[in-house]
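You will see two complexes here that share subunit A, one where it goes with subunit B and one where it goes with subunit C.
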Partner chain A sequence: MTDILRSWIGGALPDWVIVLIAYLLVTTIVLFYAVGNFIMMVWAERRVVARMQDRLGPNRVGPAGLLQPIADAVKMFTKEDIVPRSADQWVHLLAPIVSLAPVAMMLAVIPWGRGWEPIDLNVALLYIVAVSAVSGVGLMMAGWGSNNKFALLGAMRAVAQLVSYEIPAVTALLTVVILAGGMSLLELPYMQAGVPLMGATILCGDAAGCSPSLYTTVTSFPGSPGEPVQALDLGLGWWVFTPVGLLGFIVFFIAALAEGERTPFDIPEADSEIVAGYMTEYSGMKFATFYIAQYILNFALSALAATAFLGGWQGPGVAALANMGGPWVHVAAALSAFYLLAKIWVLFFVMIWLRGAFPRLRVDQLMDFAWKLLLPLALVNIVSASLMVGLTQWTSAQWGGLLSLDGFAPWQRQLIAILVTAIINIAAAYWILSINQRPTQEEWIEEELVVAS
Partner chain B sequence: MNTLITILFVVFAAFILASAIMTVTVKNIVHAALWLISSFFGVGALYLLMEAEFLGVAQVLIYVGAVSILILFAIMLTRDLEGSQNRQLTPRWWIALIVPAALFGLLIVPTVMTYAWQLPPPPAGQSPAISGAQQIGTAFMREYLLPFEVAAILLLVAMIGAIVIAFEERERRRRVLTLAEQVRLRRQQRQPAPLPEPAATAIQASEATGGES
Partner chain C sequence: MTTEIQTEPTEVQTTRGGVYVIDRSRPRLRAGQGLLTGLDVVFRHFRDALTRKLEKPSQQTGVFTVQYPEERLKLPEAFRNFPILLYDDETGHELCTSCFQCQRICPPQVIHMTQARDPSTGKPVPAVAEFLIEYDACMSCGLCAEVCPFDAIKMDHEFEYSTDVHGGLTINKEALNRPISYYEKIAPSFWAEVKDSAMKKLQGNMKRRPDLIGVAPQMVEKIRAKRAESAAAQAPAPASATPDAAPADKAARLAAARARAAEKTAAEASAEPVSESTPADKAARLAAIRAANAAKKTDEGATEAPAPTGGAPTDKAARLAAIRAANAAKKSAEGADAASAPPAAEAPAPTTGDAPTDKAARLAAIRAANAAKKAAAQNDGSEE
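What follows is the complex of A and B.
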């Protein structure tokens, strides 16, 4: 964007103004993209949940109720803005903004398509984690500023849940950092080129015979470092197809459900217990701001899960189109953006599905789930990820002479790594699940005695 | 570009200072915590201005995401603290002024006196080394291994201490029963009743009627 603007109005304005305008344009586009998706997501959620519950859902405004979000928006805008007399005016006003802004900032580092990334930040994964933690402050402000006990309870629950589920989420993302050797989100889709399970390890025999529609040049994972190689690329070498990526994806997705306050984990706004949690005292546009923040958070977390584990914009045909050069590169970018959007929507559909299928957890179940199940699984997965990197990329010198895999071809090393990590992950998952399913009989009897006496 | 950076620096610095002053002067303790958060944000922005991306993001993650949430939690769980009747100045406020001022002077005066302020500009055409995850990881595992391990042990000890405290508290606390468990418990209590003492019967009867009404 900056380059295009420079070529158009390069001489007329100072460079920093051009950069500023370019980034403002990019920001506007990304925010409109997210809000457009938000509108569709609200409609889709209502329709799909209705379908699952054998209802019709919104079906009056427009075809199939498609214009219902617009009617809702008009209602929200024209509603009276009520602030409780005992509320803290400024904190009450700022809370929705503080909870929406970090969520919007998360969108800045996600590569929305091949070559369509707003910012290349080399600590992008850490940035997303840091920024999403800030929204907890907004929830706290909402709960405290409302001066309402339900709001305060909801805020406490929300922040406790956010803080404890951040740990499994970050630990699951650490496997991605280990696999990628860095925290940049920009590189992740490129690294997930290739074919399922094997990644980009099936190399081209002779350089002349490989068609550019099937083979692409790969530099980093997992071929020889630095040296570009021609690898078979169907755009399907997503990490979710490997044992490490699969376990990481499951842990991260569950933790993302909790961070986005989706239904099995919607304890903070459990409407049958504490009205609407921290949103109790909000009406009109302020309530809508919380609503938008929540859905865009789900959108951004789905995009992050898709980028980190499901290949991001990577998909069949993207690399082939990009290799054709010329205007086809833009077609490839559009196709890749479509792939990412499709993955986000699939993940969002799973979220709706879970909402239709599961009841709400209790708080102690929530904490047990995070600390006794997700965190150990994620920790084991880090060991597996390190082994995966070691087995596929390290030379015998890096292993310190313990293990020499230099003689094997990349695909053989990948196969060895997948077998080893699969054994570790399956054994660990089986063990941790069996520990968690063991009933705690002794504790029961003791507690009943305490209450009965 | 240089003047722009200077302007941004002045803006951020003024923002940090203003937030910090508001933190210590504001009466309401929750407002003080919120101003502290905005001050933390300003420091993170300064780090970003210096192109220390990792440091800036870590500042936001640790201070805004963790420390201040902990502070807010602590304040909200102890509601008696807030209120405008809190005194801001103790009778011996001048001691509290002199000691930090002297310590700060001890740091700042030698720095100002001896530091070479005119740094040579970096050689042109050579991009400065941006600290990424790999460099930081290598530094932690090679040069700064001992401080890293010491900090890790310190944090581990703190964590174990927190767990121990929480466990002691938990032993004294009864679990909140669900409705089904309460019903079952009440049924169990009503079933045996092998001719207890009169006082105990009265209590149990009142409990039973209280539960049914």
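What follows is the complex of A and C.
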């Protein structure tokens, strides 16, 4: 964007103004994109959940009820803004802003399409983890500032939940960091090129070069550390198809549900228990701000899950179009943006699906789930990820003579790595699940069927 | 997951005593199996809700929403909201005879009615003059419909009555009336049960209703037109109705004679002090009404038994009756005060023979009534 602006109005303005304008433009576009998706998500959630409950959902305002979010927005804007007399005025006012701002900041580093990333940050994953943790402060401020017992309870629950689920989430993201060898989100979709399971390891055997519509030059993991090679690329080498990626994705997605306070983890705003949690004392536009923050957080977390495990904007045809060069690069970018959006919406549909199917967890079940199931699985997955990288990329020198896989072709090494990690992950999953199930049965036998002697 | 189900209960001793344990042999769920089953159920609901509606109760999935203003469920026959009154499509006669049963039984007392009276005799007629139901206080209990011996009041299926007009839910007879065909449409089997007895009772009541009394207000014009039409259609037809004319004639004469007698008594009465003048006035009016009625009867006789030969005599008879009535009135007036003769003298001038019998008779009756009134008025004046 900066370059385009420079070429248009190069000499007319000082360079810093151009950079400023460029960033403002990009920010505006990204925020509009997110808010537009938020509006559609609210509509889609209500419609889809309605169908799951054999209803129709909003269908009166506009065609198929599409204008319902606008009607809702008008209602929100015109509602009275009520602040409790005993509330901490400033904290009460700032809380929605503090919870929305970090969520909006998360959008800055996500690559929305091939070459469409607002900022290239080499510690993007760290940035996202750090920034998303700030929104917990906003929730605590809301609960504390409202001076209401339900709000405070909700805030306490929210913070407890955010803190405990951040650990499995970050651990699951750590597998991505290990696989990618860095924290940049920008590189992740490029690394997930290739074919399912095998990734970009099936290399071009023809010395004269292969068809650019099927083969792409790959410069990084997993096939070729170092020098560029041509590999079969269908845009489907997503990590979710490998055992490491699958487990990481499941753990991260469940943790993302909890962070986004989606059912079945909507304990902080359990309306049948504590009114509306930390949002109890909010009305009108402040309430809407929390609402927007929550949905944009879901949107951003879906985008992050899609980028980290589902290939991001990667999909069939993107690389082929990009290889054709010229204006086709822009078509490839548009197609890639569509792929990412489609993945986000599929994940969002799963969120709605879960909401339609599952009841809310208890607080102790919530904690058990995070600490006894997700965290061990994520830790095991880190080991698997390390093995995956070692088996596919390390030379025998790096192994220190322990293991020599130098003689194998990249696809053979990938296959070995997949087998090993699959065994580890499946065994670990079985074991952890079984030790989590065991005590309940024993207790039942002891308590209920004590034979009187 | 087919497992052998052990139905034999085994007795197990616990710390709280013996209990029977039935092994239901539920297959052991694997971790997450319950969750996946739940997801599957929800997804089937989602998929089916996109493609079909819930039609049979046995169906488990599909949209059950009925989009009310556009789509409506078929109401059961026994559905009841507010009461309505029925009238016969053919004759326009209302089934209601104002027996007051519904008014009496109505728990919130929202039914009000007045009985119709024969204008000539002042006697009650088995028909209702006005009927009011306050829908806004009606509790839709349906007792009125149950108690009605003539099946005249029934419960309607219509329920969209919301209004912003205060008092707009006090419904009068005209708005309460529905043709029988309407009720037959909404509750066919219910009407079939009572149809014969209801129609039989209606036939009996119709005989006791003079003229258009008891005809639904919205049907009056139509019925009148129908009667005129049928009269016109039957007029040229030859019939052996000549003897009927004579009774009609007789009746008219009798009426006139009664009128005269009444006038006489009135005149006698008016000769007495002032306080007595009012009854005399009344008596005169009554006589006039009777005269008019008699004239009308002859008219009816003419329409019922129209014969080319019979038309003239009835006409004559009617005129005659009117003239006699007028004369009687005049005389009574003269009897009271000799100076008051001239206005009454104008009364008996009969119209030309070209005019229809009906008109002529009425005109005569009206004139007779006027004469009587005038006589009474002069009577009063002379007393003072």
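To be clear about the criterion, the second predicted complex is superposed on the first by the 437 of 453 C-alpha atoms of A that agree within 3 Å, B and C clash if a C-alpha of one lies under 4 Å from a C-alpha of the other, contacts with A are read in each partner's own complex, and residues count from 1 in each chain.
FYI, a contact is a pair of C-beta atoms (placed from the backbone, for glycine too) under 8 Å apart; a residue touches a chain by one contact, two chains touch by 3 or more.
Everything numeric here is computed off the predicted structure, so don't read it as measured data.
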Partner chain(s) touched by A:Ala357 [first = subunit B, second = subunit C, both, neither]: second
Touched partner set for A:Leu56, first subunit B, second subunit C, both or neither: second
Partner chain in contact with A:Leu405 - subunit B first, subunit C second, else both or neither: neither
Partner chain in contact with A:Leu203 - subunit B first, subunit C second, else both or neither: neither
Which of subunit B and subunit C A:Val48 touches, first, second, both or neither: second
Most subunit A residues touched (candidates subunit B, subunit C): B
Subunit B versus subunit C as contact partner of A:Leu433, first or second or both or neither: second
Overlap of the subunit B and subunit C footprints on subunit A, listed as residue numbers: 448, 450-452
Of subunit A, residues touching subunit C in the complex: 48, 50-56, 59, 353-354, 356-358, 433-434, 436-437, 448-452
Residue ranges of subunit B in contact with subunit A within the complex: 1, 4, 28, 30-31, 34, 37, 53-54, 57-58, 60-61, 64-66, 68-69, 72-73, 76, 130, 132-134, 174-175, 177-178, 185, 188-189
Touching residues (chain side subunit A, partner subunit B) in the complex: 15-16, 88, 91, 121-123, 126-127, 129-131, 133-134, 136-137, 140-141, 143-144, 152, 156, 159, 163, 177, 181-183, 362, 364, 447-448, 450-452
Touching residues (chain side subunit C, partner subunit A) in the complex: 12-15, 21, 31-32, 35, 38-39, 41-43, 45-46, 49-50, 54, 61-65, 67
